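Naming follows writing order (A, B, C and D), and every chain is counted from residue 1.
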């Protein structure tokens, strides 16, 4: 097995950049910081491609199965002799795949930002945060230790917080960043407790060991965790469910998705990187990382499946009604991640049944490209019209041709039109769903159609619809903004043809997939119909949308209000937690607990006033007390005390 | 090395300060003294490693034992293990930082710095004492300076807070005193190491453990005796708040560990459920109470209550890891909260308000201060890479190792507090450093060199622990092992 | 025999000589107060120094008078206190027209105390007691034209006469039942039957009156408040200390057979004393009255120490008294300066005292901290050892209550500190010019406060001299 | 030699003692209070003499004690009266109720 330790440099380079720019950026690299960051990231990208090549084509395989390789490991914090946090690097197909995705997309975003963020006051800070995020994300995907995952998990959370709140003087941005952090933090609590449970029963935090121990059915560890129960549910289920909650939080699964749309307050490239391609899929990655354990517990997988499917549908419905283009994209992201989730849910660990797993990873892979492309495109558009609202757009196809083409490709890809990337991955997912669970399959199919519809609603209302009233003020954008669009567009076309199933599968051994035309007919036709509908409604300005909205009535209203999830959360926090828990506690502390302490003081003072009559100033009463004292002592010690 | 140096240096500094004239001399002397002290502590650390690597496995190093009061068998017995060294380092760095942030203390500067140094001397003495009498002696030395510091240089209802603090802490030491008496008349010795060799009968332990533990607990903001913390911290001048939260609350935790738990382990075992109950309440309750505060200092004070709950929890769980965690949490919280108070002080000295509602957008005008403010906040909500994460996770892990189901529940509840922590920290930070800035603050200036230096020292500490916890872990592990042997030995006996 | 007489009675003789010297000075041509005061302080200094030389054990007048190293030490402590007080009252006496009479009175009481301490016989004890009481009553009235002064004197003389009457009644019963007045023989006759107990309680009450333990303390506050500061400090330190010395030794030797009884009596008295003293001290505004009650509370702690009835107990009591001399006199020194120069005696007048008189404020603060028992002042050690000695009996609840009462006492001591350092005041006490002698006295006190505790040999020395049951 | 048993005398002295105490408690005039105290002291004297005579006739402790008590009582009275006179100067009264300025 060859030496992969050079992989350490992939995350370390961004870290170094973060430190340098974070500390000295303001002073010394005011304008050059963008270039520096980009170059560094280019380096890591190259390294990760090398690593990918080495792993996939040179020496990753041992007799037909891709190995899990621990490239590097040292004990960071030892809790007890066997339980410890080790900083390690695990290398297996999915981590390598994620490595490539993260570095590549991040690179694109870096390049794009060069133009997009030009002239920002906190340019250096921006790049520092980007590098920080990239570092954390890479660390996350490379983690070989469950707790290490949790650490980087928190780090990506905070860097996303920082980037969403990048425009810190915008109250809405601040609110959004806080929301994002707190909601995910809440989910992380589940993750943490899940870790505690699994770690306790398996007696380790190291992922590989943990998987070994918890998948060996007759091992003491497994029996103990499977038999031990709480509220009639086995500890295994508890642990995995809690961990899944953590994942759901990061991946914006229902009902923890509310932070994602608001997160769009951040700069658009950031949304492209964090909230489309990389961080939000961390939840999927987490489940995939622990998939062997998940596959031991059908009930959890069912939960995963239904949550994923429902989120996919819900998001798609909402997306049809949003008017802020970034929010539309956000909901589409959520919906796509829902796909990945239930694909995992319907999958099994080994062989043919592992299709779902592979499909999910594949979709994750392709989605990264076209979704980031969509966001960057949207970024370009916003950069051009200075607004997120559809109504301010329209007829931009002539003004920004490249963006237009790229965006169109992306839309086709996400809609799943052959031969674009999205088609292949989505096919596999539908296939997997079809083979395991028809209901899910139906939902998936319908969602696919919806996806096509709202994506093209977006596309038309941006680039067609009414004629543009924007006189071409400042071109389409700098080269640095166009270049990523082009590259990503090529990817969106190309990556679908990668024989993904040969590389990334649940059990590491290659999986033969066959796309049969018959199966594809249904989804593709549906999709095309949806596109046509969208074209009919939005290609030219008309009153059909209004009519349709009226026709759906309540549903439309509810959907456009995101099914009142935000209101619900607001109600819980503002109306329940603060007034019913926080305020009483504060009150109790001020008045009861502290009151007791003060009461003691008051009592003492009162006492001292009470007995002051003793000191009457009359010498005779003194003498009387004197004699009384003697009498008392005499009585006490001559008669009573014996 | 000779540990008495750690007491002599501050003493000398204090005396020299008395003969200084004017703020400039005073502060430079104070700074010099504290820096030398810091260096000495670092040297102590090095020496400690040398000894350990030389294979010296005695529980206490650099011991020196001189008879003080022959008649009463009171000794001046000092020595250190990893835990005390960690505490000493913490104290030293907080002292330096505290002196730096009060660099421009015009009012009665001589007295101010004198008291600061005196307070630090008490802390050092406390941490190196191996004799209960001297321990108690230094514990009380550290109380009265706080009263004066808060009462004279404080703000708000300072007299009330100062009096409250002094009285509650004195009540604490009164309880401790009763505990000491019990131990003494059981063993006829004040020497911690000797006593740990003898076995105190269980009934006796059960009677006196509460006195000792609650007594020290009051110092460590044990619920429901924490009420001095908010008022005291809020009214104190910046440096004093830093010392209070950073140093003197640690006296309590250390005492709970070194005296109560180490000398009366069986009772600790017997009462652990109460301790854990109180600790859990303190954690949750403190967190929620913090959520409702509007004054930055109150926010940090209440969060200190919540965070010190982790210390108590770790001690109560009585597993090696959890006690490690408790010590880690002490150090981490000391640095973090000192940093927090420093930042608040810097903000207050410029904006003249601590009300969250009145602040906003400071990041624009004072990026440095805002950054350390955010760093302190992130550390306190347990972000990886900062000390808070390491400490809290160690406590959780350790607590979870305790097999009792109810203790597990307590652990989970304690974990739940991290969410609430996130809520109040983000509210504070979001409102203070982010958001639109009002014009009156638009002209304010950023930190000066001394403030930057102070913050840097603390941040370095925080990050060092956060990034390389194995260092401090190796440092304190022998000490906690030693304590656990006590616990384990006596509990297996039964 | 004669040499014995001179050696053993050394300290008493020196005092007597001084008294006669003063009489002659009085008869001679009148000199300025300053010179007289300097002379007197010189005498007292000599007296103090002389006390340290050539002391030995012995018995005189068929056990009427006995002395040993401990007794000598106790007398030296009293001498020291006397010297300090006279140095402190310099600025008060400077402008007073009856300087010599003042010293005549005080010195005669001191003489009485010496005899009382050395007494080996109830008669001798009674004589000493009266000699140390009656002149004090006169001294309390030393500001002849002050209403309060004479009221204080009246209260003192009447209540002390009353107490001595009860004491005598007790003594007479003791005599009746045991037929002897000699301590060494008494201890053989005493048994715990009701009559003995009644007599014993009467005696105890006599002591309790002098050391002002609750409920026999009521005269204390009024007398302290009314009397001139010098007399007040003398009352609160010297006479109290003397009686305590006797009390300890008498309880430990003569009344050894009744140990269990007086242990319980002390238990009750000490609790009552500490609590009542603290509760009253909380509310006082007149500084002297405040110190009166605080000293009552202190006596409560001393009683706890005595109740330990061990060698450590006796040692701690004497050690604490030594510390108490320093601390209390430091406090009274400042108060007497202030009242002598400005006539202000209320705590409220001390607001913002620090802004004008930092030195005095620090001295007063240190003194109060020592009284409160804050390290590193000696008071901490004193209190710690007292309670520790008391705890030897295993009555930890008593110790706990006492320790918590220390917290209450903290409140009122810190209240004064707060007034001086933290409160604001539109007309604070003006900057005082301190004459050399009082300043010297104050410095001695402060040094004593700081050194007595930290230097362990002081305690160890006392311990080696003292003896338990 | 005599028919009077000791108990009678003890009874007398005790009665005297408490009569004196009663006087001290009830009388307002300071001089009278002083006299009451003298009464108490005298009862003590009777005690001493009686005990000495009846129980321990071979020694003279009691007698001597009595002598000393008498002298000291005289001294005490002298000082007391001096004080009372001085009090009268300032208060224009020797009613004990008028001398209660200092209290509480």
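FYI, contacts are C-beta pairs under 8 Å (C-beta built on N, C-alpha and C of every residue); 3 or more make two chains touch, one makes a residue touch a chain.
Worth saying up front: this structure is predicted, and the values here are computed from it rather than measured.
Asker: Using the contact definition stated above, find the chains touching both chain C and chain D.
Answerer: Common neighbours, chain C/chain D: A.
Asker: Looking at mean CA positions, which chain is nearest the middle of everything shown?
Answerer: Smallest offset from the overall C-alpha mean is found for B.
Asker: Suppose chain centres are the mean of their C-alpha atoms. Which chain sits farthest from chain B?
Answerer: D
Asker: Given the two chain pairs B-C and A-B, which is bridged by the higher number of C-beta pairs in contact?
Answerer: A-B
Asker: If you average the Cα atoms of chain B and of chain C to get two centres, how far apart are those centres in Å?
Answerer: Between these chains, centre-to-centre, one finds 42 Å.
Asker: Take the average of all CA coordinates in chain A, do the same for chain B, and state the distance between these two points in whole angstrom.
Answerer: Going by mean C-alpha positions, chain A sits 36 Å from chain B.
Asker: Just how far, in Å, is the C-alpha centre of chain D from the one of chain B?
Answerer: 66
Asker: Measuring centre to centre with CA averages, how many angstrom lie between chain A and chain C?
Answerer: 78
Asker: Please set out, as single numbers or ranges, the residues of chain B touching at least two other chains.
Answerer: Only 167 qualify.
Asker: Could you list which residues of chain C touch at least two other chains?
Answerer: 154-155, 158, 162, 166, 221-222, 283, 411
Asker: Indicate the residues of chain D shared as contacts by at least two other chains.
Answerer: Only 24, 33, 96, 99-104 qualify.
Asker: Which chains touch, pair by pair?
Answerer: Those chain pairs satisfying the definition are A-B, A-C, A-D, B-C, C-D.
Asker: Which bits of chain C are touching chain B when the two form their complex?
Answerer: Result: residues 312, 315, 369, 374-376, 380, 384-385, 387-388, 391-392, 394, 396, 399-400, 403-404, 406-407, 410-411, 414-415, 417-418, 421-423, 456, 459-460, 463-464 of chain C touch chain B.
Asker: Where on chain B does chain A make contact in their complex?
Answerer: Its residues touching chain A are 164, 167-168, 223-224, 226-227, 285, 288-289, 291-293, 320-321, 324, 361, 363-364, 367, 378, 381-385, 389-390, 393-394, 396-398, 400-401, 411-412, 415-416, 418-419, 422-423, 426-427, 430, 433-437, 469-470, 473.
Asker: So in the complex, which bits of chain C are touching chain D?
Answerer: Within the complex, chain C contacts chain D at residues 123, 126-127, 130, 134-135, 137-138, 141, 144-148, 150-155, 157-158, 161-162, 164-166, 168-169, 171-173, 175-176, 179-181, 221-222, 225-226, 283, 289.
Asker: What does chain A use to touch chain D in their complex?
Answerer: Against chain D, the touching part of chain A is residues 612, 615-620, 623-624, 627.
Asker: Taking the touch rule as given, give the residues of chain B at its contact with chain C in the complex, in rising order.
Answerer: 68-72, 74, 133, 136-138, 140-141, 143-144, 147-148, 151-152, 158-159, 162-163, 166-167, 170-171, 174-175, 177-178, 181-182, 184-185, 207, 211
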